[in-house]
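Order as written gives the chain letters A, B, C and D; numbering starts at 1 within each chain.
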């Protein structure tokens, strides 16, 4: 007599199959997760309990980078306590996960050409997206930015599924020296896409969004907020939208850039 | 220009050499600790940081059960969070330890016969003591009590170094059924020793002490208190004595039973 | 069979495990993880007369064994709350306790007046202790006179059970509990969050946009237990205890300290099935310890000998 | 070279890292782990006129990221303290700040009068905030009038720098800080411990013999930071910040919130070399961030933009 169970059980313990360092401070953890691998949509996330005990109390949200067979991959960067804990897990360990959560990228019918713009770890939610788009026959242009060549994470994947791949690095060690927004501006003009997908630091997403919208191209962004519950209950993670505040964990993390109020003072009350 | 360094550095990280379960909820962890192994006296303890992070914040005191070569052994019982963490450490892990700390058992010159009484994990600080006594040619009588036969921890060691070994179990699965204080009373009368050493639950130590003192035999007890600093600074661990409150971690954990005020209301102020 | 029922004024709950306001939405999001009909009561997030936008982001910061929040009582206002949240809850067989907020005594009363028209409300929890709004909120809860005044006005507005939620950011929580009891509160609940702050040493900025926020989670449990114990000794009305409850053992501790019921907050974020897990654990504790009625645990702390 | 000096009234410390009273004895036990002459100041355990026996055992209980203590200011009285502890400290080149306790205003004054005869005392820290003794202790620190009265009397008894140690168990810590400032305190220190409680669900007993005790450690840091920030904004005298400092980063956070110096308490139990470890880390932070004087960090929290 479970009242209003809107969904299947979302909570489970997953076995770590592998946890590989791919460059300084960045790793990919592979989890045995048949249920999620089968149902996750690009841009959705899992909410992971990375530590034991209460000293790292809250879960951490991580995008599903790729899903294949019975496993999912998470691309992570060691930033603080939670991701440090995650980096210490090894094959055979178990992790407690909730997911898949949130609304992912929308792939409208009839797309022929999509521009994906990833800055830094913004590459994480782009893996499945790029793969699915190319499987559907959509031409993918990919603009990737990072501090240096070794941080162009998942570059091999992106190059392999993209029609066109261009990158920039802060130090010029690969691609053009400078910001990925310069690359995206160039690609937008040279090869106008039907849609732009952006993920990365918020200032970068905001800049890409304004480039796209100015060019009359729809744009989706995946916004990060600190999340406590991850399931829509606590209102930790709100994003200002034209419809009022919305939850990054529930209505998001992907939003239509045209709906996002980037400046908090624009946000109307209510929900 | 270290001002008043009274002692050598007492703080170090030690490698876990082995961690073996010896019966339900009891284990022995072996640590690489050349400095301590060389200097520890029977009845002293080490103060171990068993968890990482802050959720098990404080260190835990553990008696040095045995010292041989470059290693020390700790006999522990899983009671709560700290000892559960300890039970999870495996060979190759490192533990942060302070020690050796406290004053151990005193072995007066001219001893010929000592009675050792151990209840439960009170066996822990008795390992080195029994060995050293027998090495010195002192005859050891040993009374050991436990809930059941499998909990007669370190029994092999005790039997091998003792002239006389008797035990009791709560369920009668080995030795006499009942309390170890019945065994000690019997041995005290039948084979009067020069000294009694007791460790175990406080009520047991108190009972053994009064048996010994009534028989005119000196008695030492090793008292347990919750310890924060372990080094004599915080006064968490006081024991009432005829000299005023004393610190179990510093003046103790071993006390002359004749000095101990078992009833807190007897304790005079000051220190 | 253990008798798990708990009595809060005239309200009889099937068990003493409730949700803590603001940590469980209106239940809908957690219906995927727990059977809401098993809960003792469902306490909704805070509701005000008009929509509140809440505070800017970041709104949370993790601390050692705890978290700070400065949500700021974001809510769509009582009208939308009735139409959307209460309507959804109407089909679910669980007592609904609505957590009521206001910037002024009049606003608290106006919210209750609107809710009086709703059949599905079992009780009110009047929040005079939110540290995250400027006017109202905690200001009412840190002194006896305003706490008493809000209680008196809410009492006049409804005959439904009235629980007043107390702030821990005070010198003498028992005095405030007595003040609200004497104005007719049927129960008190505590603790709300402890006012705290977190700073990022590398950016030299506060981690919360609002600078300060409310501390919750295991870190606050010792303070919460002490306050529940002090308040339970001072008042005759039932006490709903909360603050860092993560396990059935924690819940037992609050009951022993004098609570009649407990609420689960931050734990939901860590384990979304916390409420029902704690409920089963509590029942098991009673069974294992031959406690026939969970109510027998209330105040059963042994302090002598 | 970073200028690490810190100024507390007329007292110039070589650096802002002190020990927290009651967690470091009189330094002797920790001399095996740290070079005492590196400390900014050594704050002794609390000293009263006559010997105090302290509370019964158990006196501590571990909690999530924290600990409760109910030591109860056990000490041998000021006479023995002078003869034994101060005599030992006389040869060590470190400013000694004596933490002073009393059951009455007269007792505080009598302790100070005795200490005035000792050359090696650099300053007093007047503890009006100990939650672990019945009379005196926290009672003086939870209201403005008695806090002011103790301060006034101690001020008259000595011209040495006077630091008043504040209780966090209050509604308005800034008001109490202002009250003691206006009576001539040269500095305030905070926080003392938060009153808390711990219960053993299996025995149904309190874990502390005294039932309640003082909470310290990382769990309280958010509350401590908030209070330091509030007090620093309210008074002009320097603030000594403490509460859960475990790392150099934590220390920086307190300085940013407005503290001029910091004290390390519970951390000593976890890592006996905490004080000097934190000191080196603080110096490294300054170097890495081109902070020329550590004093420039005081109050440097960025709250706009």
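Methods note: a residue touches a chain if its C-beta (ideal position, glycine included) is under 8 Å from a C-beta of that chain, and two chains touch if they have at least 3 such contacts.
The structure presented is a predicted model; accordingly, all values stated were derived computationally and were not measured.
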Chains touching both subunit B and subunit D, listed by label: A, C
From subunit A, the most remote chain by mean C-alpha position: B
Between subunit B and subunit C, centroid-to-centroid distance (C-alpha), Å: 47
Geometric centre distance via CA averages, subunit D-subunit C, whole Å: 34
Distance between the centres, which are taken as Cα means, of subunit C and subunit A, whole angstrom: 35
For subunit B, residues contacting two or more additional chains: 54-56
Overlap residues in subunit C, where contacts from two or more other chains coincide: 64-66, 217-218
Chain contact graph, described as a line, ring, star, complete graph or other shape: complete
Residues of subunit B defined as touching subunit A within the complex: 51, 53-56
Subunit C to subunit B touching residues, read off their complex: 64-65, 218
Contact footprint of subunit B on subunit D as seen in their complex: 22-25, 28-33, 35-37, 45, 50-54, 56-62, 64-67, 69, 71, 74-77, 80, 88, 91-94, 217-218, 246, 266, 268-273
Subunit A to subunit D touching residues, read off their complex: 54-55
For the subunit B and subunit D complex, residues of the former touching the latter: 1-7, 9-11, 49, 54-59, 81, 96, 98, 225-226, 228-238, 245, 250, 264, 267-271
